[in-house]
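Structure incoming, see below.
In order of appearance the chains are A, B, C and D, and numbering begins at 1 in each one.
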Amino acid sequence: MAIDVADERVEQAETTLYRRPRLTYGFWSWITTADHKKIGMMYGYTAFFFFIAGGIEALLLRIQLAGPEGAFLSAAEYNGLFTTHAVTMIFLFVMPISAAFFNYLLPLMIGARDVAFPRMNAVSFWIFLFGGIFIYSSLIFGTSPPPVGGNLPGGAIEPSLLGSIPNSGWFIYAPNSGATYSPGTSIDYAVLGLQILGVASLISAVNFIVTILNMRAKGMRLLRMPVFVWMTLVVALLLLFSLPIIAIALFMLTFDRLFGTLFFVAEAGGDPILWQHLFWLFGHPEVYILILPAMGIVSETLPVFSKKPLFGYPAVVFAGAAIAFLGFGVWAHHMFSSGIPTVAQAAFGLSTMTIAIPTGIKIFNWLGTVWGGRVRLNTPMLFSLGFVALFVIGGLSGVTHAVVPSDWQQTDTYYIVAHFHYVLFGGAIFGLFAGIYYWFPKVTGRMLGEGMGKTHFWLMFIGMNLTFGPMHWLGLQGMVRRTWVYPEEAGLGAGNFVVTVGAFVIALGVLVFMINWVYSKRRGVPAPNDPWDARTLEWTMPSPTPEYNFAVEPTVTSLDDFWYQKYGEDEEGRAVRKPEADQVVDDLIYRNGHPDQEIHLPAPSYFPFFVGLGIMVIAYGIMYHTRPFGIPLLVTGAFLTVGALIAWGSEPLEEVHHDDHHDGPEDGPEAAETEPAMTDGAAG
Amino acid sequence: MNRPRRSDLPLFKRLPLLLLAVGLLGSCGRVEQPLNSFDSQGPIAERINDLFWPVFWGATVIFVLVQGALLLAVFLFRERKGKERPEPKQIAGNTRLELIWTVVPTLILAAIAVPTITTLFDLAECPAGAMEIEVIGHQWWFEFRYPDSGVVTANVMVIPEDTEVCAKMTSDDVLHNFWIPKLAGKRYLVPGQETEQRLYAEQPGEYWGHCAEFCGLSHARMRARVEAMTQADFEAWTTEQLMPAATPAPGSEAERGQEIFLAGTCVGCHIIDGVNNPDPETLTVPAPDLTHFASRSVFAGATLPAQLSPTDADWEAGLRLWLTDPPTWKPGSFMPELGLTADEIDALVAYLSSLE
Amino acid sequence: MAEGAQHHHPQPRQYVQIALVLAVLTAAEVALFYLEDGVEEIGQTLTVPALLILSALKFYLVVAMFMHLRFEKPLLSRFFTSGAVLAGALYLITLATLGAVILF
Amino acid sequence: MAELVGGHGEGAGHHQVTGIDSRKLGMWVFLSSEFLFFGALINNYLLFKGRDFGPGALYPVELYDIPFTSISSFVLLMSSLTMVLAHSALARGDQYQTRTWLFATAFLGVVFVSGQFFEFGEFILHGLKLNINPAASAFYLLTGFHGFHVIIGVLMLMVLGFKSMRTGGLSEAEGLNVELVGLYWHFVDIIWIVIFVLVYLIQ
């Protein structure tokens, strides 16, 4: 029965795919939407686009480093590329793709119709998007001449196009990032761009916190929330308390660069170390912002694919919170060699070590979950297991950094680069891919291909170890970070070559994934509504999720409520599928697919888009305030933003009333069911 | 229900093999690695390695246990084609296990923490009575000053063997990071502040170094050398360094070089003691003192000559390359391309290589 | 009121009284400032803690009474104090490692 | 009063598990992060105020006019009173008083900001420019950021006040807005309580 429904839907999707007018309507519906699912998908697509960009940047870096004294890139290009690579991967890929998961899944998992502030949600997305565009516009408008007195090859005044992107490294250390040593606008693009992205994240952090606290379904007490929801809450809290710090730091740097303040100008008594403190006060919580969503995802997938409840649920939740809490107290471990007092080094070394304890608790509980289970090695499970395996490697090398004197050797070498790619790529990205494979059916109504999925996994897994494994050795054998060439005589050529090969293996894997995506989206196996025999509420809805989410607002009585509707236990404590399980599932899904009353949905709005646009224009205005067009830009942007905000505030509050049928102007009765078609048209 | 097909691939079997292969590739190959931090040549670097290895092996044990458990779990409990596994017992946790895996890691960490802290306090600060050398970072070369004797040099730090040396470091522009892997760890050079780095070489020898903190365009071309000598050699070296520059023989190529040096723009930036002694304030950019230029085995941020054990010819070829076009070798260089003719360069090379 | 807490809320009269207290506290602060300047013996060892205490009192009064935090669900004060305590702790440690405050 | 807003607009459609209106919860959550913003700026000031910038350096402390700042601090403190009176009047349904107190609060806010502009002007006349030394930079950024908050608050108060004038009174739905703006306003006030002591009085 479930399959029939899906098939039907897919057929409809295909017939409507080519109907143009609806596509146009579709496009505007994306611009104006306040639906958390559409916003989530837009986050996802945008983030993935940036992943490819950041990945291609990484490949360019790797080509340059394939052998000693590489000549593929100039120094300026290389410095720009590793900076944008990191900024892209962290701020434009991992954070927003996590936001995509939060947006799409959070309301579904807690049984809500939407987030607490749907239009604010839209605003975060648009601000993020325009922030990303702003940063990347440096490719066209950015300038990065050498400092006064410096000379470029051939007497050039400006490096090539590619060399004019931000080139300060992702932590933008002062004073190199100041106006004296980095004249030109390229760094302003990074600084103001990150500021914009911060605004977006702060808004969504508040939104998610309120949503989780206030919008849970009946009976969903805090300790009945899925771990993924918990991790969303923790990440939102981390964002809430860490973003202000970087915002002020960036604010100070902007003032230093554009308006002559002297915070980081050493000659005038400013303090470059202050920047490091402020950056890492944010930067370390940030790394947990990057990893906790992935940890939340695998905490969902491992139980499902082991057919066991999560081992030690309260411990896993508590450990997540503990990681976040401790994560605020370790920032100076990035500054062990910057000359901070010895006692401070000792204190931060110790505090850093303590983080291994809650992280270990998570790891062991995941092992406990898999142990004794009925383990199905579907692609999401492969990625989840890969996550655990690889994250442990990165975590352990993290502990070796916490051994302070060792870190004096390790810091600023590829050993560090190895550490953080293991946790970021092996950790965050494997976890996120697990999530993509796991929830793809719920989002699109089709399965991602398993064969290609597994090829993807193995290519990425092997490529990943080939790329980042040798970096450990390279680093301690003298390979310094951020060097555009390394000397032949340092004897690092062979290792680097392996690394480069590995990077291309990863790229091949990603390519397979993209093909899989495109293929499965159109021709994939239609997804059953509960394809993985899952445990959380989002699977009680038809695939793809209807626009109004739950036709019947759920009530839960336990953790993994859905599971316990399907399964009981025998005397031995083994799971037993209830005889009526299929019927229960079908009923639930049928009911959720057929609302019998009007459902109130957040009204679409044009204004979030314009707020985002306005903020970007303001940023250009600030950057070019000394040029004739600067102030007009600033004023235009301010008008746009404030105007859109006021219009937003006075926008009639009434909502679109949905019953079973869509009420868009040109929509036929089946419109609600053709969602996936519109998805395809607008985003694909 | 149409569950996706199960995999036939042997899962994770490749992991250990793969890592092994990668490790071998990365670490083996009998190439010389002058920046290898594992190859410590003094007590400070040695202490760090003595701390690192036990931690590394401890981590390896944890690694093996965790990955082993993971592989075993997958191996034992995976569903295979045709062999349906029974539904698993629904175990939601175990307090005793939670306790164990909280307490055991805590103990392990405590065990790591103790040597970490002792080593840290032993190594972080210079002991009293150490020989002080000032290190000043410039984009993109290190300057060394010897407060006891007044010697000023660049790129190559000369130290006596078996002596506790304390580098007092600061920077003239941006952050740099002084790293001699075989002798010690790293420490930043911070403009406006002073940091310390202990150095100690047991044997005479040449130790390579690198600026490790990103410091702008040519961070990759900012390296350093430490040359350790016997006490006697060091004293001789000091005396030599304090003498004014050698005077070229009349009529020689070198003398022509000196004329070019004096007539050209060079004097705007460089000092050669006894040839031009301007007030350092009047120089346009900070540039290496060239008085005893030829006594240094490497120059231009210790990146030239590029060879592992350069001959005189290599050295001269490197200098020629540098004088022809500094910004191409070192993008952003504060020494511009001066449009010297090949003939002028020959003369300058002859002169500069006479400045022992 | 949402929590039926309306009747606990102070009435305008009490608000004015609170404001009077705040005014007095502010006056005391300023007085302390001049005391410190004028009377050498008192010095900063005494005035600084006194000033901190007075301002903490003012802070508390505004938050508890004007912002009604006393009458709200504990969740809100939990957020509020987390923010305040976290900020205080983090920046204190930062200042200490930068050598501007002596903690260790 | 507040929960009647429930049926409308954002943050409302759903039942609210904590029993706190979502918008109000959101405001408190946001304010808790504001501590980190201001904390960073205060941190900067405290760091630089004691640094030695060489002979003849001019520090903000040297120019403080404590009586003047005391008065403007007092003004801001009293604006918290008027704010709370506006809220209380609305709770009683007294639209006229609500409006009056809203405008009074905005007015006091304007007085405070004008005082700050005056202070900045004086300081600049005495040579304490933004770019004279980091202590000055930190001073201006901190107090300026605070002043910016006050300006935003004044704008929000004005919007509420004028809306009330135009429509003859604020609806119960808009009553929550008064409360939210009030929270924001008091927060800006308590930050000034801290700044007044840490930056001005403790030297």
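Assume a contact is a pair of C-beta atoms (placed from the backbone, for glycine too) under 8 Å apart; a residue touches a chain by one contact, two chains touch by 3 or more.
Worth saying up front: this structure is predicted, and the values here are computed from it rather than measured.
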Please find which chain has its CA centre nearest to the centre of all protein CA atoms in view. A
With respect to inter-chain C-beta contacts, which pair, C-D or A-B, contains the greater number? A-B
Between chain C and chain D, what is the gap in Å from one C-alpha centre to the other? 15
Which whole number of Å gives the spacing of the CA centres of chain A and chain B? 35
Roughly how far is chain B from chain C, going centre to centre by Cα mean, in whole Å? 51
How many angstrom lie between the centres of chain A and chain D, each centre taken as the mean Cα position? 34
Multi-partner residues of chain D (at least 2 other chains): 18, 20, 25, 29, 32-36, 40, 47
Where in chain C do residues touch two or more other chains at once? 75, 82-83, 86, 90, 94, 98
Sequence positions of chain B contacting 2 or more other chains: none
Taking the touch rule as given, give the residues of chain C at its contact with chain D in the complex, in rising order. 1-3, 6, 9, 11-12, 15-16, 18-19, 22-23, 26, 29-30, 32-34, 44, 47-48, 51-52, 54-55, 58-59, 62-63, 65-67, 72-73, 75-76, 79-80, 82-84, 86-88, 90-91, 94-95, 98, 100-101
Hey, which residues of chain D end up touching chain A in the complex? 8-11, 13-18, 20, 22-23, 25-26, 29-30, 32-37, 40-41, 44, 47-48, 51-54, 57, 130-131, 133-134, 137-138, 140-141, 145, 159
Which chain B residues qualify as touching chain A in the complex? 1-7, 9, 11-12, 14-15, 18-19, 22-23, 25-27, 29, 31-38, 45, 47-48, 51-52, 55-56, 59, 62-63, 66-67, 69-70, 73-74, 77-79, 85-94, 97-98, 101-102, 105-106, 109, 112-113, 116-117, 119-121, 123-125, 139, 171, 173-175, 177, 179, 181, 184-188, 190-193, 195-196, 208, 210-221, 223, 284-285, 303, 306-308, 325-328, 331-337
Any idea which chain C residues touch chain A in the complex? 75, 82-83, 86, 90, 93-94, 96-99, 104
Which chain A residues qualify as touching chain D in the complex? 112-114, 116-120, 202, 205-207, 209-210, 213-216, 218, 240-245, 247-249, 251-252, 255, 259-263, 265, 268-271, 274, 278, 600, 602, 646, 649, 653, 655
